[in-house]
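After the structure tokens below, expect a handful of questions from me.
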Amino acid sequence: MSFVDGTELGQDGILALAQRALELRAGSKAHRSDGARVAGVFLNPSLRTKTSLEAACGAVGAQPLMIMPGKDAWALELEDKVMDGDKAEHIREAAAVLSEFADLLAVRAFAKLESAEEDRADPVVSAFDRYSSVPVINLESALWHPLQGLADTATWVNHLGPDLRGKRITLTWAPHPKALPAAVPNQVLLSAALQGMDVTLAHPEGFDLDPQIVERAAAMASSGGGSVRTSQNQREAMAGAEVVVAKSWSGFAGYGRRDEEAVQRAEHRDWTVTSDKLPKGGGFMHCLPVRRGVVVAPEVLDGPQSWVVEEAGNRLWTAIALLERMLETS
Amino acid sequence: MSFVDGTELGQDGILALAQRALELRAGSKAHRSDGARVAGVFLNPSLRTKTSLEAACGAVGAQPLMIMPGKDAWALELEDKVMDGDKAEHIREAAAVLSEFADLLAVRAFAKLESAEEDRADPVVSAFDRYSSVPVINLESALWHPLQGLADTATWVNHLGPDLRGKRITLTWAPHPKALPAAVPNQVLLSAALQGMDVTLAHPEGFDLDPQIVERAAAMASSGGGSVRTSQNQREAMAGAEVVVAKSWSGFAGYGRRDEEAVQRAEHRDWTVTSDKLPKGGGFMHCLPVRRGVVVAPEVLDGPQSWVVEEAGNRLWTAIALLERMLETS
Amino acid sequence: MSFVDGTELGQDGILALAQRALELRAGSKAHRSDGARVAGVFLNPSLRTKTSLEAACGAVGAQPLMIMPGKDAWALELEDKVMDGDKAEHIREAAAVLSEFADLLAVRAFAKLESAEEDRADPVVSAFDRYSSVPVINLESALWHPLQGLADTATWVNHLGPDLRGKRITLTWAPHPKALPAAVPNQVLLSAALQGMDVTLAHPEGFDLDPQIVERAAAMASSGGGSVRTSQNQREAMAGAEVVVAKSWSGFAGYGRRDEEAVQRAEHRDWTVTSDKLPKGGGFMHCLPVRRGVVVAPEVLDGPQSWVVEEAGNRLWTAIALLERMLETS
């Protein structure tokens, strides 16, 4: 079993891992898989994901093998073509060889934001999953960030209890100096829907997520006792939420229209999450790294309703819980 | 004892390591040298070599200390000169200091392909070996790639049996978009000669290997019951081979004549290894990374006669076998 | 307790660690803190510091988590500002999150040499110390390099005995092709003063260290039975010294005057440490990397009075001693 969008484990499986993560955080000893190896292929930079994966490997007795193609390793070719250009190694061989060296293969590869069709195919993680003979863990792809979704779920469970059905969560778009991929908001949507939460997705006009993904999340939510609704009024969307998740992303309709998108983005600087918008008692979450003063006001980020450091800390405990499970069964 | 071209261990010693590697692959437990440390200095990128070395360290309980001078560490000066230029650290101090920190020192430094005399001196690995007070492992130098040769030997033993004398191997030049160093073909030649194989070296006119190295291999082969012959007819050279190893390289005569060499290289696109040239039942090997459709046709690379993934996998088991031996005796 | 300039442990504490390091070097087994984690954040390149920290982690059973912001991790913002520029992550979150993942946080961040006021505030290490919830180890900051000071102290103790009061040490400026930060000379001064040594600080006119730091060291030395004096005559300053430490640095008065400083620096090429200046029987030390033939003549560096390789080797044993202490009490 690979772990590409987190739904592979189902609502119960994710909930079990989130609860196991909270046990580990409380001091439970990790199950060991001494001598196992986990290869991590990073096509993009990372602080939390790389560090927490390495630390989680250490906690279960596995050895992390970290590879940065194009930096310390060869640049990878993804397409089926005659390789007479710059890229030295095809993903077929890279995946097959790393499968010889490791028990699990973890891959990070962001969206390019050039072509909606290309990013929708999630080409790098899909290719590693196809050509690898060991299970693949997605460390953030063009579409998904399931380890973030798992850490978020653990954070929700910690604050709102294990039965998340009907809990009110708002995922709000936020301003940012750059156009960003939608893997994190897609994942928040999907992870919340998987647990049957009542999700409000708030964004300005033009900053919609991929309608196929919103539809899939809505179906998943409603079958689990929850719902997904969309709003273009941030203040209203946040009112009454038990937890607010902020994130900037590039609108799905904006693919290939970067200049126009930048102008539109600049028009919505008032979507910064400020304390006057934050509902009383509601938690504030963001996957980090976060632009202070742009995405969120410092008084929210550093304030008592901010769960961001706990959320990032849960990246470690959830990664341990996931490795325990995947190495036991691999 | 350092491990610079692989002949330091002799024909028997290499065969013993190859057989030990196959035992490890079959499930034998690695001998531990807990608390040992192996420093790896990478002046060039690497996927298989770095990852397999790190994994092999883990398997024997040693700690890998990986250094990329010019990236995460200081750029190294090799020459005896007044250091008033860009390079911050002399290889004398780097080697001496790493010898204080580690039990073994492993080094990767490719040929520059500028001067035949410079590359023939194998300056980086030689300097590390001279200034280090611990044994040095060559992770691919200007001239040699002994860990590749060891993995290849293990692959030959697995398919052809431990007595490799008189087994027919063809090492064929192949097209490539770039001029490449000859460390790998030099090593295949030497490793096959060491085991007394019958080696056919095939390449177009102008793509000869260093005649000193070919002569040395021929003498070594004949003293072990084998032979080395050269051919400029690829199809004929491959006919009847039990194993074909493909690799592109820059002709020895082409040093310092890059433009001319590029033209010549482009004239031999018909040296791509295709299924119609591959002898029936013969294995296909390549050290990877490989240019699909240029060096070798996809149907060969992905076909049933391809041993490339096994060959790369053997990088791990042979590295463990070598570390077992070098740490026991260091 | 953080370890920012090394004085946090006091004269006795540093001496105890230096002696423990020499025991470890002689074969004493390191105390284990299995399962601990040490995050290392490197904003500048490193050979000895990174490698010795990783090796020291291994020796005590801790896992090193190495991060290079701007290379494999996000570029860090230090200032309190609206983050609408290039930097993706604020040091507040980076420090808080790494504190969730690790038991100790080690940070390397050189002086920028642009503004004396900025470097005097030691902004990066100070910020990590402020925002981290675990102890911080300084791996060389704008002002200090306490692990180097500790290794130097161990080297002094090894050659001169544990009672360093009144021992004669000369810290001499040396030529260099580039303007360099003063963290190392500041630290040598402070570490020698802490042990009550008689320190002579020698440099050409214009290459003074920060007067606040010289004053602090002088007060510390005199309260411990030692002294600090300054000289502009290198030969005289070195005569009779039991140990000479060479290092180039940019004069404190030279901040923001790079071109002028380069001219002045070039005028003092005769400050190269040569064998005729080295006092009979006195040791020669340098933190490395060192410019051969510029800072010091090869005959000194490679000669019998050179302690540089031992000094660098002591980086490992002192790092183990420090981790033993900090992980026991963290």
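Letters A, B and C name the chains as they come in the text, with residue numbers starting at 1 for each one.
Note that in this section a residue touches a chain if its C-beta (ideal position, glycine included) is under 8 Å from a C-beta of that chain, and two chains touch if they have at least 3 such contacts.
Predicted model only: the values in this text are computed from it and were never measured.
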The assertion on chain B/chain C checks that the Cα superposition rotation, as a multiple of 5 degrees, is 120
For the copies chain A and chain C, the interface residues, called same if over half of the numbers are used by both and different if under half, are different
Rounded to the nearest Å, the gap between Cα centres of chain A and chain C is 40
Residues of chain A that touch two or more other chains sit at 71
Within the complex, chain B is touched by chain A residues 35, 37, 39, 63, 65, 67, 69, 71-74, 77, 80-85, 88-90, 92-94, 96-98, 100-102
Note: in the complex, chain A contacts chain C through residues 42, 45-48, 50-52, 54-55, 58-59, 68, 71, 177, 288-294, 298, 301-302, 308-310, 312-313, 316
